[in-house]
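Data block below; observations after.
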Amino acid sequence: MTNALIVDAALALLVLGLALWVIATRAAYRAVVGFVAYGLLMAIIWVRLAAVDVAMTEAALGTGLTGLLLLGAAARLAPYETAEFDRRPGRGLRVLIGLLCAAVTLGLAAVVLLLPAPAPSLASLVADNLPPTGVGNPVTGVLLAHRAIDTLLESVVLLPALIGVWSVAANPAWGGRPGSLPRPPASSALTLLAQVLPPFGILVGIHLVWNGADDPGGKFQGATVLAAMWILVLIAGLREAPALRERRLRVLLVVGALVFIGIGASGIWLAGAFLAYPEGYAKPLILAIEAVLTLSIAATLGLLLAGPPAGDRPIGTTS
Amino acid sequence: MDLAALLVTPFARLTELGGLLLVIPLMLPVVGLLLAPLLRGRWLGGGLLGRFTLLLLLLGLVAALAVATAVLTGDEALKYYLGGWLPPLGVALKADGLSAIMLLLSAVVILAVGVYAQREFQVPPDASETRASLVFWMLLMGVWAGLNAAFLGQDLFTLFVALELLTFSAVPLVALDGRAETLAAALRYLLFALLGSVLYLLGAVLFYGTYATLDITLLAERISGEPALPPAVIAAAALMTVGLLAKTALFPLHLWLPPAHAGAPPPASAILSALVVKASFFLILRLWFDVMPGALTPMTAQILGGLGAGAILFGNLVALRQARLKLLIAYSTVAQIGYLFLIFPLAARAESAALTGGMLQVVAHALAKAAMFMAAGLIAKALGHDRVRDLGGCVRVLPLTLLAFGLAGLSLIGLQPSGGYLTKTLLTAAADGTGQGWLGLVIQVGGLLTAAYLFWVFGHVLFGVPSTPAMPIKPPGRAQELVVLALALGALLLGLVPPALFDLVEVGRAGLEASAAVATAMAGAFGWSKLWGDVWPLLVVGLLVLGMLPWPDRPAGGSPRPATTSLSVTGHWAADLGTLLEPADRGLRQWPVAGLSLLILLLALAAAISTGA
Amino acid sequence: MPEFLLGAAAFVLGTVALGLMRLLRGPGHADRMLSAQLLGTGGVGALLLLGVATGVGAIAEVALLLALLAAFASVAFVSGIQRSDGRGPPSATAPAAADSPGEHRRETA
Amino acid sequence: MNDPTLFGLCGAALVGLGLYGLLCQPGALRKILAFNLIGSGVFLLFGVIALRGGGVLAAAGRGIDGDPVPQALIITGLVVAFAATSIAVALLLRLAETSGRTTLENEAPPAPSLPGERASRPDGES
Amino acid sequence: MRLALDILTIVAVSLGAIFFLAGTVGLLRFPDTLTRLHALTKADNLGLGLVVLGLLPQVSGPLSALALLAVWLLALLSGSTVGQLLAGKAAVPDPDRAPTLTPGAGASHD
Amino acid sequence: MASSKAAAMPLIRAALARGVGFLGFWLLLAGPSLGQSTATGVTTDLAAGLAVGLLAAVVATWVSLRLLPPAPGRLRLTALARLARHFLWQSIVAGFDVARRAFDPRLPLKPGDLAFPTRFPPGTGRAAFGAITSLMPGTLPVGTDDHDRLVFHCLDLDQPITAGLARDEALVMGVRRNGSDRDA
């Protein structure tokens, strides 16, 4: 056990050190680079916490897409970011806030140490109620059956978020192609990567969704990988991002949640409750929902990264 | 399927659905939100999407009425287990009286906003979709979906997702006009709201860590069975309360509200002020009255009530200093939120009056404030500006709008028979009855200050020198004016609603006597002595304010700053106070200072909750 | 054997943590990015070791995901820098100036 | 001290650090980063709770490592946090492009939007 | 047989760990960005390869073993792409890179 | 791209080859869980899994063909094997080389840039060459110069780098018979 403890202690210390760096370093760019490293470590920590499903989400989302989003933002903000660090509040205020934050941490630490000793848990209840759902992965069972409403609302939440991102567009650009994606200089290495990697990413993504029914994985993880591959192709310039007015794209964005609601509503007649599945058909229905949701979530995540429509030319380029 | 059923099924049959009925208000806006991106083009002379939303809102109103009827006639909360899974594993929906009121209120207000916004956000003839139209109508439905989910959810995590849905929908509305100031206001709102969400989530996590459930009913059972609150629960309650306070913008955490609510397009401001901040308040109610009933220690109640009193005084005073009409209304919201928190110190011994008064305040303020923001929007649109000092003469071009503004103002002041009057009477009586007369005093002073800034506005409107062309640049639509007037009248006539309907408040909670409390409050409201007693202080305030008006020697051009020179004594006094208040408000709205307040509040609440544990 | 593999994982994590010194010292943005990249490769290795040590096969899939997306941060990094270069001379020097050796010395002193 | 506790304390520290950063760093991008730190601290605490809740079962040979309910909720939360980050970034980038500002300090209350001004908003890129 | 495989594991994994260390040492000691990049791409990928080699005998079934190899190949692809991308970026004129731009003029030690 | 019948043949061949490869990759991924379902005797799960795998492989192949159209010319497997062996050995050498220099207290480096006039036209072949050389001892492609030569950053200019690069180039070129000059 000692080696395991060393691993855990190393991870905890590293994560704290990186968090400190993210908070305390001077330039935003350095903080973002630190945050990317932080995300990688978090993925390993989730593995150590026996939450492989979460680790996959963190690996895909935290290191892939979030890193891309924040690094791109930091680079685009760099020209404007003049001495903002020096506009911190005065030392007295900082010390005061620091002390209070330390008090919050200490209080939380005490709470963690005083959590009830035989930890209360729903694990056995989930295990007992997993068979009717037909899936073998308890996390998928919870997400798609027991707490399906959370998953439904959460896939719906992504849509206002996307509209929010689009809403900062300039009026004439509305409906055009998104313009926030970084466009690196033509590089044969990047092109090769964008040509070779996506098929494998697609296989991994589909595998995660399909296999997520019984083993760790699921639609969020799969969708994130698919979105990442799409973005990679766009960044490398192999394909153009679609214009946001395209009806096919719009349908793609909403079809997942609509199918989810449709199947949920049919449950009222067929299984006696909204979001219930008819006996014996739970697993195929769950897989069907996951399949369409994956497409919608992947498209939404990709477009969240791609940013607001920018007309025919990307924002920030000089014409 | 729900839609088709709604269209053909008679209204009465809806209530027979029982708990399943709750799925309709939950899913109707969600389906609308999902279909919205596909609905392009013009229809009946406007936007297809706008018309579609209107239809959906009408259906939503029917559904909300059905829920309210079912709750009131059944005299018990409707409950529904999604997917047939019982908590703690599954997620329940529940509509008690409070949920029903909130559902109905949001359906009414959003419907009014939807009618109002048809004109503002229609699609021009040469386009099939514009940025503003799609964003506004979609996010309006997003806000509606988030609100309904927040009112019906019985699971702390589902409520978290609902809050996020609400935030993500509300924030872009603030920045809809795309100017730098509103973008900054939206970003500030988003970041502070996210801080609130994450603190809320942390609280939910600690609840789960202690009881392995997030269901409100189950949590209530388990917490009431505890001999003393465990530390995790104390921390969770403090974290959730503070997180929700940040989202409610209770003084001194109001840093984001004035710029956000003032900068949004008027229909969006109406939704934000009338409903969005109420959702997080509603969850505070849920937390203290449903999740941990009986855990409200006197200390906690005093902190919340004290902040509420502070909000009333501070918000009203700062509102008095605003040069722009929309900012004035936004600060008035800061003040009006304060009334909601007075119910906590009163609830311990006068729960009926406190809760009824609180819910009445929610309803009355929502109607009145939505009317005021939309009226201000019409004024700004017609005149091309909303500087209070230059409103002179606009009564001639916008009589109906200004009437609506004034009527809504009467409700805020608390004149009979408005909802504001009921609120204030109920709360004052409860304050006197529980030996906390100072709260009653705060309520009275708040009403007078509200009257002062309304007199200030109307003084300029009625007696100011017209500085703009008499003809409006763009005359308001008749439907727009009427809908604003209807909302204002609704707020004003709330006291005339049969008291029996207020029994809705008590459905699902024992020992409340809402209708009796309302009946008592309304008894004698129209007696001459009572009327005179309420009106004469207002007259005094009115005279003082009119004395402050610099209108006889108003400098030409009209600077956007408030008048600080005046002939009267009250003018000097107000100016002195203003020089103190404005820097104080600016200081409090600095991000680090607001953060400091938040941290102090968090620790103080944790300490206060543990005093009774 | 699991004990040994865990120890190896700890060692690999420790060495890449050492590499994070580059994050602190810079001096260029690219150097800092290198340390994050090192963490990526090391993380894949550590995850594979952990997966076999604990017998949870799915951990290898986490490693696979990391390997699949390892290049993403660098792609964003490279294009990001390019974008601020594209804004013209004054802004192009801004990130570099922020990382000038003089300033760097000030921070570590 | 066992492993879950270690990471639980780590989560508590992350929350505190993130709070400090969110309140004291003037740059909006730094605030977004700090929000993500707080978020991951909260998720970490939830993950610890999940692991604690699973230990009993693993001992009983039921083969589940952690309480799956918190794990499912964490996944949902991570996606929501990503959505929040992307909105914040979009707003911030647009703010910087229109006004050159990257901080939220010293803001003046905005004038309400007016029809005339809306017509003349900067519609193209400068 | 088992023992031999275990020994192979121990040797290969240890060697791999040492190459990770080499990558880190190179990253810290080498004088400029591009030389550090050499250390990163080459030493680390070999380290990962050796770790994978060492783990092969420990996994059940040939498919799992091949999956491990696939992870390594993906890491190689990523590593080489990242190497080239960052190298191209580091070659853009940058104050601390200037001395090594011309062939032979490098060799600048700390 | 495959308008004539003559051009269709390589396309079909490439599609089949890649499809089989992707299906193989899917089996790697799904192997453990497929193994489970065969062990428990649930054949429907196995069939469904294989069907999804087939579908995934088809999608992946389609995407792959869209992104990276097959180059004319045939793949020579023996040359590929030779390249793989060379690559494997050289990357080990590269690792040792870097490690030796890193651990050496004297830090024996003589870094610098070197221009290499490659025979590869810009395109996939050149990119693959760059990717492979970036893992070879002491070389790291940094870009192209004005004369369309590949520029390599080298750890030690005293080593016979050009000769090594030429050998790598020949090996990579040999993999595809008479194809590389028409890559695009």
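Per-chain numbering from 1; labels A, B, C, D, E and F assigned in written order.
Just so we're on the same page, contacts are C-beta pairs under 8 Å (C-beta built on N, C-alpha and C of every residue); 3 or more make two chains touch, one makes a residue touch a chain.
Values in this document were obtained by computation on a predicted structure and should not be read as measured data.
Listed by label, the chains that touch subunit C and also subunit F are A, E.
The set of chains touching subunit B and also touching subunit D is given as A. Inter-chain contacts peak for the pair A-D, counting C-beta pairs in contact. The chain with its CA mean position farthest from that of subunit D is F.
The chain with its C-alpha centre at the largest distance from the centre of subunit E is B. If you average the CA atoms of subunit A and of subunit B, the two centres end up 32 Å from each other. Separating the CA-averaged centres of subunit D and subunit F is a span of 39 Å.
In terms of their C-alpha centroids, the spacing between subunit E and subunit F amounts to 17 Å.
Averaging Cα coordinates per chain places subunit B and subunit F 62 Å apart. Taken residue by residue, subunit B touches two or more other chains at 89, 157, 161, 164, 168, 171-172, 175-176, 178, 183, 202, 206, 209, 212, 590, 592, 595-596, 599, whereas all remaining positions touch fewer.
Within subunit E, residues 23, 37, 45, 47, 64, 67, 70, 74, 77-81, 84-85, 88, 90 each touch two or more of the remaining chains.
In subunit A, the residues that touch at least two other chains are 4, 48, 65, 69, 74, 76, 81, 89, 93-94, 97, 101, 104, 108, 111, 115, 119-122, 126, 146-147, 150, 154, 157, 161, 164, 168, 170-171, 184-185, 187, 189-190, 192-193, 196-197, 200, 204, 215, 316. Across the interface of their complex, subunit E is touched by residues 1, 4-5, 8, 11-12, 15-16, 18-19, 21-22, 27-28, 30-31, 33-35, 37-38, 40-42, 44-45, 48-49, 52, 57, 60, 63-64, 67-68, 70-71, 74-75, 77-78, 81-82, 85, 96, 100-101 of subunit C. On the side of subunit B, the complex with subunit A involves touching residues 1-2, 20, 23, 27, 30-31, 33-35, 37-38, 40, 80-85, 88-91, 129-132, 134-135, 138-139, 142, 145, 149, 155, 157-158, 161-162, 164-165, 168-169, 171-172, 175-176, 178, 183, 202, 206, 209-213, 230-232, 235, 590, 592-593, 595-596, 599-600, 602-603, 606. Interface residues of subunit A, counted against subunit D in their complex, comprise 4-5, 8-9, 12, 15-16, 19-20, 22-23, 28, 31-32, 35, 38, 42, 45-46, 48-51, 53-54, 57-58, 61-62, 65-66, 69-70, 73-74, 76-77, 80-81, 84-85, 87-89, 93-94, 97-98, 101-102, 104-106, 108-109, 111-113, 115, 118-124, 126-127, 138-139, 141-143, 146-147, 150-151, 154, 157-158, 161, 164-165, 168, 170-172, 180, 218, 220, 297, 301, 304-305, 307-308, 315-316.
Partner subunit E is touched in their complex by these residues of subunit A: 184-185, 187, 189-190, 192-193, 196-197, 200. On the subunit E side of its complex with subunit C, the touching residues are 6, 9-10, 13-14, 16-17, 20-21, 23-24, 27-28, 33, 36-37, 40, 44-45, 47-48, 51-52, 55, 58-59, 64, 67-68, 70-72, 74-75, 77-79, 81-82, 85-86, 88-90, 92, 94-97.
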